[in-house]
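Before anything else, here is the set of structures, which you'll find just below.
What follows is a pair of complexes built around subunit A, which joins subunit B in one and subunit C in the other.
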Partner chain A sequence: MDTKNILLIMKKEAGESLKNRWFVLYTICFSALALLVLLFSTMGGDIAGYSGFGRTAASLINLVLLFIPLIAIITGGVSISNERENGTLPYLLSHPISKNEIFVGKFLGLLITIWFSILLGFGLAGVGVAIIGQQGDISGYLLTVLLSALLAACFLSIGFLVSVYSGKASKAIGISVFLWLFFIILGDLGIMGTTVAMDLGIKQVFALALLNPTEVFKVASVLVLSPRFEILGPVGVYAIRTFGQQGVFYLLFSILIFWTLIPLGYGYLVFTRLRREEK
Partner chain B sequence: MSAEMVHTVSPDGPFTSISLAIESAKNGDIIEVNSGTYNEHVIVDKTLNLVGINQPKIDGGGKGTVVLIKAPDVTFKGFHVSGSGESLSVEDTGIVLDSAQGSIIEDNSLDDVLFGIYLKKSSGTIIRNNNIVGKDLPIAVRGDGIRLWYSSDTKILNNTITRARDLVMWWSGDTLVKGNKIEKGRYGLHYMYSNNNVFEDNLFSENYVGGFLMYSNNIKFQNNIFARNQGPATGYGIGFKDLDDIVAKENLFVDNRIGLYMDNSPHSVDSWNTLEDNVIAFNDIGISFMPSIERNIIVSNSFVDNAEQVEVRGGGTLAGNNWFTNGRGNYWSDYVGYDENNDGIGEIPYKSESLFESLIDSYPNLRVFVFSPVAQAIELASDAFPVIKPEPKVTDNYPLMNYKIPQRYEAEEKGFSYKLFVVSLLMVLIPSISYVFIKRKI
Partner chain C sequence: MIKVADVTKKFGKVLAVDSVTLDVQQGESIALLGANGAGKSTLIKCILGLLDYRGEIEIQGHNIKENPKFSKSLIGYVPQDPLFYDMKTVSILEFFGSIRGVDDKRINNLLNLVGLEDHKNKLSSELSGGMRQRLSFAIGLLSDPPVLILDEPTSNLDANARGDFLNLVKEHKDQGKTVLFSSHRLDEVYFIADRVLFMKSGRVILDEKPENLASSLGIKVKINLRIPESSIGDAISILNKEGFVSVGSNGSGLYVEVEEGNRALPFEKLIKNNIPIEDFSLQESSMETVINHIEANGY
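Up next is the complex of A and B:
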């Protein structure tokens, strides 16, 4: 792999996406929503100097949880499938660039694009709130941004895996949306149902909940924003007693990184070994 | 008896120790203690007026109880009491009042003491303007800041207790507790078999539990703040167990794990508790009830942004309580109705009937899913298919449209946040500049 080629692909991908209207739309939506949530929570968010900034951010989490995985997984989903459908992938491959370089370059380019969108969204909302005058917990706010960036990386990499297997963009989008729904709602619903039906214990619920990257993101955000875990009930107390505050934190971050690396690595292996494009 | 005499104690005489001065004093005399450090254990066994000038220090040297008052009507004012022992079993204390009825303990500062001020059978005592800081020990081996034992008619006013265990009151009725600050302890207030007490203008913050009251009746709470009492595991702003005839008005319960916890209160069948005009805000759970609690009147309170407004442990409803009287209910920040005739009261009832909440009430392990989209999805589903809706925990037929925060609780305006602005601006600028850069390269 040649870093120069990777950088080239990365820049091409990022440049094209940044010019894309979708990117502009994502950013506008994201900053508008973030700003709205921050503002609405600020209005009633302060009594006798006790503020609910933690809760403000908690309501942001939900928004972030719906929005970021969706844009990330779809962006990833269409990345390669679209080029296949348009026939630009064989053209790209006819250049002296290897498949590995294309895959890595594309991933990095799109990742940067989404990270830009997240930074812009949170940043604009933060500027607005700062002007109105809310003294927020800045480290909590920054860690939330970092977690959002990791969450985006997770779902982008899942999207890439989908894309590697899809010949058409429409198919990739379909699969991506289903997976998104699965991670956001269906999976958790399944765990909740199982818990009720089989009367699962604290440990099982904890383990099952942490299989899901969105749930990991949420738990981590709660840890960042309010370091007491009682808000998550007995499971939260169990987590903090077993692993300690630092331990839970490292565990959650590693799960997010794991969810980024595994689908990406698998997608990479499949893509680089596929013979389809070289016919 | 002759007129009262003044005995002066100072490091260079006439008396060089307080104990010596007490020995030669008679009932009713005044003992003036000048500033300095006195390494002794003081026993006051006469009715004396002990006055410290410029906070003289009485140091127990880390052993036993530092000051023991065993006579009635003693005044003990303006001292710095320090260095008690660390034994919980013999209750090493800063100042003990044993059968010292009608005494006044005022303007003292106590630190490095296991127990702060301990009243045994000392009714009619006034404890005012004292500052008590406990020893820096693990919470399990700390002593109480102030402890009342069979001491009624007491006034506890404007004291500060930090890093102690509890403020304990046992068998001590008719007491006024006003203007105290109790922080970073275990139970701000810990309490049994004490009736007719009044609590006003106190602050209970950052304790494991703000207050826990048991087996008592006729208690008034007004204008107290219970803030950031967060456990671990407990974290009640205030908890009531078997408590009758409580009146709680205009208190603020904010940022606790559980704002109020009700266990079998009221206990007697002819007793009603009243919670009125309180603000219950930003708690994980606003009010938590044990099942089948009845006869609470909960009116005109503001429930603001609690993650769960009302919990019924183990599930069920709270229909036996009055959530509205005379056409007025409570303010609920999650109320989604409307007010057509502009009288400040919503036209459709507020119902706390969240399917997710009743699920986590019954299956506490599922609480790990709060703030997840799945929680919202479940609510949406139960709105769409009312057949799976749980019975409402609370039905408030006259929900208030606006919340009411007592004026003194209103926050001061927060100014422009410079730090947040710079950080956010950086976050906007990084991608913007990079974008320009990338665009130029292509």
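Up next is the complex of A and C:
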């Protein structure tokens, strides 16, 4: 792979994203909501052990859970399918550049722009907290930013997998939105429903939660921010007793990396080896 | 320069290219002719390495499957309907120039060459069809590749833009570039091609020089002659006697079909017999005529 070509595609993708009005709107909304969350979170005192940075990060988790997976999976979903539909992909491939370079360049370019918007949102909120002069766990806040970045990478790679299989952007968006709904809403309901219907034990509920990257992110973020293990409920207590607090965190962190690498690797394989641009 | 050996491409059960073998020499210009669906574009996409295929394709001795990036660096490709990113004209050239390792001086030279210097800050979506095609040609020339492949490059252009574009291609052909192009227009074939390959159902069924195309296919030119109404009967008799088979009245005169190279013959015969000719028009063979003729005769 030629690094020059990868950097070129990265630059193009980042430049196009930053000019894309939807992406700009998303970044503005995310940043504005982060500031609002900050505003509301500073209204009360110490709530459930959270204060300052910790409380802001905890409030941002819900925002992250809603926004980041959606924008990441849709951005990934249209990344290749849109070029395929427009006909720019075959034209690009008629030049001395490989599909490997295009795939890697696109992924990194888009990941950087999504990370930029996450950093902007968290950054603004962080600056706000600092200005207000509140104290708190800054390392927990930074770890939440890191987990959010990882969640974005995870959903971007799922989007890429959708994209390599889609000939049209509209199809990719449809599948992406369905998967987002599945992970965000149906995933939660699914765990609850399955737990009740099958009378699952704590161990099984924990294992079931690990299958959903948004659940993994949620648990990891709460774990990072909370000094009290019981806030995670009986499942959290079980997990911490079994693996230790650090062990659980590393486990959840590894699962998010796994959720990033597996769809990305498979998408890469399909795009570069298994699927030809036949039209 | 381009070697295609026993290349076959199937889309599902449809055989788009069927065991095509061809050898294009350096500096040679080849026209691919054929009806829609004959396999011209598919063959071009195979040569560009965009499609998977059976067989072997080499560009200047480099196998496109084994060494795709280097092989593609030897080719400048101009598609039928160039699709660009929505960037400024100069940014598009810079983008593809970076892939091909080209500097800004070359980009400025090419903008001048294709007449887009004044439009370099326009977005690609703001360019006319002719400008887009010229931009596509400039992209094809970025690294000064020895091979140019053009897939029906003038099909969306008006007469003026087509003329300008063909002159550009001819100029580079004359400078020694190897050119492979598909077309629907006989005038383009006569203007640029050294050899014509006619494709039907994925196979090359005719390989001929353009000047011999009409005669080898027996294609005729129709001449409409305006002559006084009182002389039409005599004129038809004279031409029939002289061996012209397809002769008839067309209202204001008569028509006669002659083989390429014999266009002056009916004039000579009629003037010799004191038949006055007031005006005339030529009906050149169209690509449809050629296609219909080849299809009908099963070449």
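By definition in this document, the second predicted complex is superposed on the first by the 262 of 279 C-alpha atoms of A that agree within 3 Å, B and C clash if a C-alpha of one lies under 4 Å from a C-alpha of the other, contacts with A are read in each partner's own complex, and residues count from 1 in each chain.
To be clear about the criterion, a contact is a pair of C-beta atoms (placed from the backbone, for glycine too) under 8 Å apart; a residue touches a chain by one contact, two chains touch by 3 or more.
Owing to the predicted nature of the structure, the values given are computational and were not obtained by experimental measurement.
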Most subunit A residues touched (candidates subunit B, subunit C): B
Which of subunit B and subunit C A:Val127 touches, first, second, both or neither: first
First (subunit B), second (subunit C), both or neither touched by A:Leu200: first
Contacts of A:Leu65 with subunit B and subunit C, given as first, second, both or neither: first
Partner chain(s) touched by A:Ser98 [first = subunit B, second = subunit C, both, neither]: second
Touched partner set for A:Lys168, first subunit B, second subunit C, both or neither: neither
Partner chain(s) touched by A:Lys12 [first = subunit B, second = subunit C, both, neither]: both
Partner chain in contact with A:Val237 - subunit B first, subunit C second, else both or neither: first
Subunit B versus subunit C as contact partner of A:Gly87, first or second or both or neither: second
Interface residues of subunit A shared between complexes with subunit B and subunit C: 12
Touching residues (chain side subunit A, partner subunit B) in the complex: 11-12, 14-15, 18-19, 41, 44-52, 55, 58-59, 61-62, 65-66, 112, 115-117, 119-120, 122-127, 129-131, 133-136, 138, 141-142, 145, 184-185, 188-189, 192, 195-196, 200-202, 205-206, 209, 214-215, 218-219, 222, 228, 230-237
Touch list for subunit A against partner subunit C, complex: 2, 4-5, 8, 12, 16, 86-88, 90-91, 93-98, 276-278
Touch list for subunit B against partner subunit A, complex: 225, 227-228, 230-233, 235, 252, 254-255, 257, 279, 281-282, 284, 304-305, 307, 333, 359-360, 363-374, 376-378, 403, 405, 408-421, 423-432, 434-435, 438-439, 441-442
Parts of subunit C lying in touch with subunit A, wherever the complex brings them together: 11, 45, 48-52, 68-70, 72-73, 75, 77, 79, 81-85, 95-96, 98-100
